[in-house]
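Structure incoming, see below.
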Amino acid sequence: MSDLNTSMVEQYRNNFLKEVEANVEGGTWVKMCMQCGVCSGSCPLGPAWEHPPQELFMMIRAGKREEVLKSESMWMCTSCYNCIVRCPRELPITHIMHGLANYAHRLGLAPKMNPTRRFAKMFWNNLVKSGRVNEIELSVGLYFMDGFKTGVARAWAMKDIGLGMLKTGRLNPFGFLTHKGCKDKRGIHRMLKKAREIEDRRKGLAA
Amino acid sequence: MARKEYSFYPGCSSERLTSASNYMVSVESMCKKLDVQLNEIPDWNCCGASIGYAEGGELPRHVMNARNLAISEQVNKGQDVVATCAACWLGAKETKDRLAHDSDLLAETNEALREAGMNLQYKGEQEVRHMVEVLIEDLGYDELKKPVVKPLEGIKFAGYVGCQTNRPFGIAGESFENPKYLDKLVEIVGGEPVEKYDQKVTCCGGALAFSEPEKSQAQIKKIIESAYDHGADMIVTPCPVCQMNVEVYQGQINKRYGTKFNIPVTYYSQLMTVAYGGTAKEAGLNGQIIRAQRLEEIAAKR
Amino acid sequence: MADVVATHETIVVVGGGISGMTAAVEAAETGKNVVLIERAPSLGGRVSQLYKYFPKLCHPTCGMEINLRRLRGNKRIKVLTLAEVTKIEGRAGDYRISVTAHPRYVNENCTACGACGEAVSAQIPNPFDYGMSTMKAAYLPSLMAYPQRYVIDPSIIGTPDAERAQAACKYGAVDLDMATETFTLTAGAVVWATGWRPYDAGKIQPYGYDRFANVITSVEFERLSDPRGPTGGRILRPSDGKEAKNVAFIQCAGSRDRNHLKHCSRICCMASLKQTTYVRERFGDDAQSTIYYIDIRAIDRFEDFYQKVQADSTVRFVKSKVANITEDEASGDVILHGVDTEGYHRYDNRHDLCVLAVGMEPSVDIRTVADVAVDASGFIEMGSTNGGIFGAGCASNALDVNRSVQSATASVLRAVQVVNRVAKAEG
Amino acid sequence: MTDMKIGAYVCQGCGLGERLDTKALTMVAQKEGKAHVVREHEFLCNSQGVAMIQKDIDEGVNRVVIGACSRRAKAEAFTFENVAVARVNLREQVIWSQPPTDEARELTQEMAADYIRMGCAEAKKIVAPTPNAAHGTNKRILVVGGGVTGMTAALESARAGYEVLLVEKAPALGGYMASLYKRVPSREPFADPQPTDIEALVAAVSKDPKITVHLNSRTTRTSGAPGQFSVDITAESGPTRTENVGAIVMATGFTPYDASRLPEFGYGKSPNILDQAGLEALARSAAAKGEPMRRPSDGKEVQSVAFIQCAGQRDASGTHLKYCSGHCCNTSMKQAMYFKAQNPNIDTAIIYTDLRTPGNGEDFYRSAQTKGVIFTKGKVQSVAVNGDGSASVHFHDLILDDKAAVMKDVDLVVLATGQVPNSGVNIDIPPDATDVPVTEAGKVQSVSVLNLTYRQGPDVPQLKYGFTDSHFICFPYETRRTGIYTAGPVRRPMDITQAVEDATGAALKAIQAVENAGLGRAAHPRSGDLSFPTFRREGCTQCKRCTVECPFGAIDEDEQRYPQFNEGRCRRCGTCMGACPVRVISFENYSVDSVGSQIKAVDVPDEFSEKPRILLLACENDAYPALDMAGVSGHTSSAFVRTIPVRCLGSVNMIWITDALNSGYDGVMLMGCKHGDDYQCHFVKGSELASYRMSKIDDTLQNLNLEKDRVRVLEVAISDIARVPQFINEYAEKIQEIGMSPFKGF
């Protein structure tokens, strides 16, 4: 998909940093980090990070392209924005993590089976379909993404919650059929297609 | 003519028969009592939510939000956009913020917007605000106190603010680590806020609730435990994602950790509706999976 | 203040801390007439509230004694305490300086015999201890106080306490009719040495200074360690008076931070290194100090001190900006959360006490008083743009004591140049 | 000299009247003290009290004894023109140091009586000092060194109206700063390198009518004292001229640490490995040619640069410089910006352990990052030079904890080496010494700068690592050579901004020195003191102790090998007086006799009285104030102690102690300041010399066959307010324990 994957990276030189600056949301901020680690310490899922944000920034500067882009770490971001508000250098860390994940995902380097990556993909496709999220379709789809059997098992495990939601009128059992979504679906699809084109052009990614 | 009018962005989870429909119900009742009119943005679309990043990327997410804002600028002229959902508010506000500081991104956004119907163009004319902001800044605590007829006496609430209503923008004048407005709202409706509730801005892991359940449920456990430790009867929150996560997974958490959690998780709008004399139905209390009995009792009182 | 004689050849020094006192004596010993204006009731400023100086670990009162002797013995210096400069008008060689003098309610007859203090019953918070202790409402600001005269706190004026103080004084030194005075001084040049104030630690929300009793500031820790301080130097923590043997020091508390002060306050690293020696001095091998830092800034020969502290087995260094602090409500202990970025180690460290090495900001915004160029942090910029008004010490930059005194000495020469020009012109 | 007329005044204020029989005290003054006039007063320090004394003075009283509060209080009230005043401290150190009980009354009164006796005895032996007629009046300032520090000192002095002589060894003014391409910014927004503007500075100095510049010249002989220095200025071409100046600013700057001592970093192995000075040269020549910066080895345009911080600095092992030069982090950032300005795509990496950019330097740091300068926290292990002229930097990445990190094929490596002071000869190192410190070895030359004719050596004493810094935090300009002030990197490692500030401060001190010399007044810490040491030539045995021990090198030897006092250089500490075995040195208001007679004046009860007497000689700078504050704080201490303040323990002459013991004192205490590495003695060596002399006291005690404990030397700080009375009481108990002195009543 992209020749970027074949590009050679020298350790402790700027070429990977430049790649990140060009293609990752908020990437131009990576060089501003002073390695204080307040972000790493502020993440609610901290222990789940193999490489916390400030370390990822250092790895980018050190040219560790593979380790960074193939890492599970940035997929641990819960978008809580703790890191952003505490960073003494005002780095938009949350967005950089999203940007790295998105970039790795688009390059096809992101871990295939990472659950968040898969959920995010499914979530996006779900909302794009009608312009609005179809919750029942999303959750059921989620249960069954690894096939029928595991799906049934997952659904069963979740049945109490599901029933609770149904009973309280917070889940629409017939949502598959009745979910309407936006009127201007075609417009939205065209719009998103265009947006994707523009972004790929900017990032030198083949659509 | 209502005393306040806003261009309203409800968001996916506020639709009928969705996860936050009860929030929606109570917001409508609350606004009626406060004489605030919400004009829904026609054919609004999803904000993309923060989790949309992986597949959606940067520009498409901005475009989604820009579409809503552009429609609002076109239809609900001169009104501030108000959202009730933290994610919707943040998504829209972030887009406004980024486009205001990045002309290239603005141009690209409008280029894509042209592909959608209603020949839209985003200008960035309208403020994007959270319902709580509107209540505190436009009406003010005193105004919010006036309609109270049934003070929620004797109920102790843990004010759980969560992340995205609080960071990175938050409510003006409040700190990121220890915002006080929820507690103030609780006081206004006659309830008792939990002092020193140390988990009030802890992340519930909502974004990862489906993909990393054990991790997000570990977060939720902290949030609920502290509420119990500080003697709370209920948790109150301004965020539909927080509400759902903290409420619906208590059963699973009990299984996982052998805890006995069973604490109601309510919305500020539900508290206010009841305090303002609304019925349990008007307050969407029937939407609670864990019943908020104390509130229902008060609502039932003549 | 009719007795203050000032001319176009007079140098007015604003601020009676180490920088201002230095400026005053250096100028006077160069043969210039000086009016020294201090807002507090006595000279000494912030350094007099320090237990020890780095890197020598000597005592501020030692140099203070010498400076006071130089000052007492010099007829060229007129000292005004409890006085504030409200406006400076004019130009180099010809300034008119508006001063507001607050009443001390004690005149020069005072012999500091202490009778009024014994007579008064009201207790007030002691600013010398940052409010960590209280004192009588008729008081001698400190043992080294100059002028060596008591002060009656305005809060008891009009109460029987004040009457008692007056009755107790055999020398007619208590004068309850004193009132605020405003007057104008003439001067050829001004040395502005109003010093610094600690950054408001409450603004650093993740550290909970406003919520947790055992999170204190570095200046407060100086008082806790000082035998003349509120705990008699026995490092007792505020929540329960327990000995604080396990102390955390957080560097850059407010400094080097776009959310707070963008500059580096220079002294904080050395101050914390020094304060670990207080813990060591007090508790010996039972002491445990941990310094959480981004970069240890021990420049020039201060490096020796850093290396000395590094060699102390009771001191740990963690390369980390602490993410946040939580309190263990049961014990009152503070728990610091964060990541040691040297090799990525997560920590949740429990300490008896946490000391925030708070940053420096100018204590007075000079722009409200005079038209003077300041940098983005409010420090007076060096250079000729300011006519005959010269910044000295921490009013001009974040400086340690030694550099402040240097700066004060330099500012005196700049002031001398102005008044010498005037003298030449006036012949 | 008119005959002596003593007036003794006893105050009754502050409780003295209630606690003491002041009438009896005036009697003591009259009968035993031989005071001509004695008076009591209920409030001596007020206007009437002072007027009363002045009246007596007008009527002939020329020695005044004030029995009131400490000499540290009410100094303004009790100063009288041309009259010697003896302050008797009845308040802080008598009534406030004794319990206010009836039982204590008798001893308190005895104490007061003794102090009155001592006060009268002192008054007899002192006169109000008058300045030496021989003081110098030359007000010209000599500045040695024509770099930014020296030029600033010269210009600032001239602007204050003083003549300046500027001596520079090089053929042109400018110094190290002139070799810089640009300087670290000194103004908002602290974002970009700034022109040095050195040409403007040189021009200003050159055209200033008050400044005379001598280039290609050195100071080959310096003698004299403040207000009257005589200096030989020798030009390279030969001729020497002698000039007179009043004070000297030494601004001889620094030399970059010799990078060839860093082979591990490849210096010398490839022309592409430079020190910071080398990089400045490269940048200047490139800019001059209007060309990009190229690799020295092959002229290839530079694509990548690595900066190695702390190269040969902060080295605890002692192989290289132990200290941090302070400016190098900012300097490397500045130099990295040279490259970013040339081409933003040039890789510039700064490898550091602690980034040190205090104050607004933080803005400069952020600016460097914004420009794409990359900062890596790491410890460099080695630099390997590759065949193609590029280099590979091997280091331990401290963040990623990678011990085998490598920065491959960089075109240039810049070593941030430190500043070595050009401080001349280290007079404390004997010429034949083998273990010379790195800083010495690091010097290009170790020839004298000032060539002082002083008995104690040709240059200014060095504090540490060759720097001529002051050891006093509160007094940065204290040098041990009065009237000679050092400034800039020779004093302490520093950057340009600090050097300019430092030069201005040093210039003020030099100006102050000539002004005071002209009035015969002493310099800090006894500022304004008019007394000065004199000696009885006929009594002198030429033992030279005074010339060796004077902490300020104030005493030379004349051609007949007699001590030659240069009071302009003297700080009036009295160390010479303490050193003199034949007691021929004295001051008008402080002498072996003035203290000795106080000691003798004390009434020593016989051995059956159970009333021991302990002499306490206390340093007036720290111990004495501590004793005062102990009194103010209500700490009580033994009533058997009699305290005499001394200018410095260094001024304590052995005879005082032996006299005291011989005349029946049961013990002698000395309280002085800390000595050693972190000395707190205001006269630098005083307390150290005292402790050295006292180490020999045991023999004396043996000869008298007295117990060792009869003499005790203590180090106290001014803050030892609670400890000082403890020391006294512990010692008093010790004396009780060993019993009364056998020498009583002789």
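We call the chains A, B, C and D, going by the order they appear; numbering starts again at 1 in every chain.
What we mean here is this: a residue touches a chain if its C-beta (ideal position, glycine included) is under 8 Å from a C-beta of that chain, and two chains touch if they have at least 3 such contacts.
Here the structure is a predicted model, which means the values were calculated and not measured.
S.K.: If you tally contacting C-beta pairs, which comes out ahead, A-B or A-C? Let me know.
M.R.: The comparison resolves to A-B.
S.K.: At what distance in angstrom does the C-alpha mean of chain C lie from that of chain A?
M.R.: Centre-to-centre distance between chain A and chain C: 51 Å.
S.K.: Mind checking the centre-to-centre distance between chain C and chain D? Centres are C-alpha means, answer in whole Å.
M.R.: Taking the mean C-alpha position of each chain, the two centres sit 24 Å apart.
S.K.: Calculate how many whole Å lie between the centre of chain A and the centre of chain D, each centre taken as the average of the chain's C-alpha atoms.
M.R.: The computed centroid separation for chain A versus chain D comes out at 64 Å.
S.K.: Quick one: which residues in chain A touch 2 or more of the other chains?
M.R.: 34-35, 55, 82, 85-86, 89
S.K.: Pull out every residue in chain B that's touching 2 or more other chains.
M.R.: 176
S.K.: Where in chain C do residues touch two or more other chains at once?
M.R.: Where chain C meets two or more other chains at a single residue, that happens at 206, 256, 319, 324, 341, 344.
S.K.: Report the complete set of touching chain pairs.
M.R.: Once each pair is checked, the touching ones are A-B, A-C, A-D, B-C, C-D.
S.K.: Going by the contact rule set out above, which residues of chain B touch chain C in the complex?
M.R.: 175-178, 196, 198
S.K.: Of all residues in chain B, which touch chain A in the complex?
M.R.: Per the touch definition, chain B meets chain A at residues 12-13, 15-22, 43-46, 48-60, 62-64, 67, 108-109, 111-113, 115-118, 163-164, 167-168, 176, 202-203, 205-208, 210-212, 215-216, 219, 248-249, 251-252, 286-289.
S.K.: Give the list of chain A residues in touch with chain D in this complex.
M.R.: 10-14, 17, 31-32, 34-35, 55, 58-59, 61-62, 64, 89
S.K.: So in the complex, the part of chain A that touches chain C is made up of which residues?
M.R.: 34-38, 40-42, 46-47, 51-52, 54-55, 82, 85-86, 88-90
S.K.: For chain D, which residues count as touching chain C in their complex?
M.R.: My answer: residues 13-15, 43, 45-46, 69, 72-76, 79, 156, 159-161, 186-189, 314, 316, 322-326, 354-363, 377, 398-401, 464-465, 467, 469, 471-477, 492-494, 497-498, 501-502, 504-505, 507-509, 511-512, 515-516, 524-525, 527-528, 621-622, 625, 629, 632-633, 674, 678, 680, 682, 717-719, 721-722.
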